Amino acid sequence: MLRKFVDLSADFRLKNPKEYEKWYGHKHECPELIEKFVYGIPELHREEMKKANYISGAGCLATSAILALYPLAKEGLIETEHIVVDSKVGSSASGSKADLADMHAERANVVRAYKPSFHRHTGEMEQELNFNGNRPVISFSPHAVDLVRGILSTCHVFLNKNLTEKDIWQVYRKYYSGEPFVRIVKEKDGIYRYPEPKLLTGTNYCDVGFERDENSNRLVVMSALDNLMKGASGQAVQAMNIISGFKETEGLEFFGLHPI
Amino acid sequence: MLRKFVDLSADFRLKNPKEYEKWYGHKHECPELIEKFVYGIPELHREEMKKANYISGAGCLATSAILALYPLAKEGLIETEHIVVDSKVGSSASGSKADLADMHAERANVVRAYKPSFHRHTGEMEQELNFNGNRPVISFSPHAVDLVRGILSTCHVFLNKNLTEKDIWQVYRKYYSGEPFVRIVKEKDGIYRYPEPKLLTGTNYCDVGFERDENSNRLVVMSALDNLMKGASGQAVQAMNIISGFKETEGLEFFGLHPI
Amino acid sequence: MLRKFVDLSADFRLKNPKEYEKWYGHKHECPELIEKFVYGIPELHREEMKKANYISGAGCLATSAILALYPLAKEGLIETEHIVVDSKVGSSASGSKADLADMHAERANVVRAYKPSFHRHTGEMEQELNFNGNRPVISFSPHAVDLVRGILSTCHVFLNKNLTEKDIWQVYRKYYSGEPFVRIVKEKDGIYRYPEPKLLTGTNYCDVGFERDENSNRLVVMSALDNLMKGASGQAVQAMNIISGFKETEGLEFFGLHPI
Amino acid sequence: MLRKFVDLSADFRLKNPKEYEKWYGHKHECPELIEKFVYGIPELHREEMKKANYISGAGCLATSAILALYPLAKEGLIETEHIVVDSKVGSSASGSKADLADMHAERANVVRAYKPSFHRHTGEMEQELNFNGNRPVISFSPHAVDLVRGILSTCHVFLNKNLTEKDIWQVYRKYYSGEPFVRIVKEKDGIYRYPEPKLLTGTNYCDVGFERDENSNRLVVMSALDNLMKGASGQAVQAMNIISGFKETEGLEFFGLHPI
């Protein structure tokens, strides 16, 4: 009997056992199985998934950064040595074990840089944004904020050629225009002009938006998602739909609530 | 009669009228008065303040970024073209006028990049961190988070020489060891290992901490303050104490509350 | 052409124009239309609704109190002079106009008794809980809490005969066992032992629970709902389904998200 | 050597060992010491405290209810069988042990009736509000809300004679006009018309306010305090000042922060 599954742990995300050792601090216990797994972001690996049986679910923070930067990295448009990913994340991302740092009295009203550098998800980001033999160095810092569900990743990147906002639109459209769960969000007015996790609670969307800094060659790319959906079980269902030959959006059509 | 005052507006923060026009979108109406004002961060301008009558209060976000980066910029230790300041700020920073974006139902549970680039405080930061003829380019993005008071600025900078954590300690100590309102915060364990605004509500402290990224030449510098205190009226009182010849900490000795 | 509609305003909730004047402070402008409207809680008026064209949507706070107390009032089990309804409500219940009291900085971290007595919804509650010629006097106080969506109404009532918890179960089951949107919630252990709005965001449920006070003849009845769903548009859709001959649960089958 | 202390536990709050057994579920282990303790609310027991060495700190919820109702109970103005105390409390009141119910993801956005009846503080309230041989029956229900520090107790009582708001003012003034830490709060307009814990974080005040219900003989009395100050250590310091012969307000003069 052929089994198909999505592994929600981090065990088979990194393809290179040395990278695993670097980020997790111990040797990989089962390196021979690694190559059987496809990294679990359908927007990057849909075709491989269709032929796969084993999927490794992607990290929630990693998913938000990878989807934000994938089109730019694939097209080779950014300086690979200066990629800053500054993420803000809700409390449901720390799991359901009771510990002091996650008690309401200590966790409410915080803006807490809990792992300013060398966070494990960095390895996934560098692996998945590695194109044209040009492995990027990701400067990643996640922050706990007073929120239950949701991630906003603000990616500060520096363009290596002079691109207008219109050029950048075209790049993002090229990769995401047919995607059911990635939306390009960029409004001229209103309260919600950029991606915002508040609008995505319970949905499987990853909203991506950007702004060209007129003061420098920086591009700010923002991506928002629900860490329990597109950042975990929602994306797992999406992957399972693909490897099972089901309609990719099956069970994932919740459109969200507002205000919340 | 000689008057002394601290101007809480942004009118006299920028020394160069062209910079004012760039960031505020209209000509400065009173350029002849600009030179009479001292920019209101005592840690950078204490000696000038002692002889001054007019102080221009500094912006809350600008204060947090400038105090985070001042020692590094003064010593010429960072790449000036790749300075990322990613700030998270509470709702009391948007003033007390009622508008839709600040209503509780729209502002609770948000992580909102409300001005991803070209925020006006960028001009102040670039002016005050401009040393040795090497004007930096600041890539600044502020975010609204679900908090009433407080700012955390995470500054991602790239070192232009190989410095250890110990080296960096020495640089920060050199500038801040005698300062009554800047504390270097860096703990090995516990919940509060880095600067955090939750601990600073009502106080005039700016807590600064840092972490050397082992994966790259990045240094992450974090600074936290209460935007209504060290970010506004507290710092104004501190400056007024200086120009008036009072004890600098007068009226500012509140130590804070926890948990809050 | 026969029109069917649900009026979301408060204009036709009160059957007695004198009551309208008492609670709203001015004469009713269209008393001749009042009798055409059915008060919009299906659990009390389903049969009338089936024959009606005009429904008056019920108040959000009123719905929570009426569903909590309806079985007890109908059966004549409580002292009608000592009915206390203490409600806690989120910010989305105050509408979408920007005013100072609803700004995040003033509305976060509050527990605010904003209308401790003579709230307009009291009139609806007294009307709908008036059985056997025994009009109750409702002592109602709503409180703003730091929450976007949701209401918890804690109803403190005094039993006029000695009833066990089992007796009370039977009373609630009699009225609500067949209801699609009212659930009796009462668990022996776990975090969510009583009704709680946190679990109901986006759903059309009204959860009702109770506890017999061993120290007195008090019964505490708690009811929770989402003020924008069962407290407003959700219940309006439910009523519209009934008057239109549709399946009553059509469009209302969202089960909720947790944690949120 | 004569020792003086304030016991912050609940061991010596109840004067009657049978009451202790009723509320705590086991026999008192040291009944012979009970009479040496004075119950720790200075507004009720200041004269006894001056001669005492042992003080039993009062419960946080109990303090709020007792200070709200003391003048009315002492004067015999309320129906003793129908006293409802509905309290809302922040997360710092549940102590600093990590448990699942207090994790941020489960505790944020809640309105949770965690002990709707038979809460232990009820015994203290009944003891301290027992005047003229007329022991009251307190119907007490505390609720967890999304707040770190603070309690609002809404007390719904029924007057046994016809009193105007002015009459009630006089009663409260009689007992509290000279008190340094009890303030009568009742404004005609503005956002903060009634007592509110948001204004009291870090202070030792208990703010008390009331509203006469025009629709019935109910009086709504609201009291707010910071559970870690007037509800615990602040009141302990106040008591210690008294038994030590210090100025009663020593160390307790913090006026609070706004907004917070």
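Points to keep in mind about this one:
Note that the chains are named A, B, C and D in the order they appear, and that numbering of residues resets to 1 at the start of each chain.
Here is the rule we go by: a contact is a pair of C-beta atoms (placed from the backbone, for glycine too) under 8 Å apart; a residue touches a chain by one contact, two chains touch by 3 or more.
Note that this is a predicted model, so its numbers are computed, not measured.
Taking each chain's centre as the mean of its C-alpha atoms, the one that lies farthest from the centre of chain D is A. Between the interfaces A-D and A-C, more contacting C-beta pairs are found at A-D. Looking at which positions face the partner, chain B and chain C present mostly the same ones, since more than half of the interface numbers are shared.
Note: centroid distance chain A to chain B, computed from Cα atoms, is 30 Å. Between the Cα centres of chain A and chain D there is a gap of 49 Å. The mean-CA centres of chain A and chain C are about 42 angstrom from one another, to the nearest whole unit. Residues of chain A found to touch two or more other chains are 92, 100, 105, 108-109, 146, 148, 259-260.
Looking at the complex, you find that chain A touches chain C at residues 92, 148-149, 201-202, 254, 257, 259-260. Contacts from chain B toward chain A in the complex involve residues 81-82, 84, 86, 88, 100-101, 105-106, 108-114, 116-118, 122, 137-139, 141, 143, 145-148, 150-152, 154, 156, 158, 191, 194-198, 211-216, 218, 220, 222, 224, 259-260.
Chain D makes touch with chain A in their complex at residues 90-92, 94, 96, 98-100, 102-105, 107-109, 146, 148.
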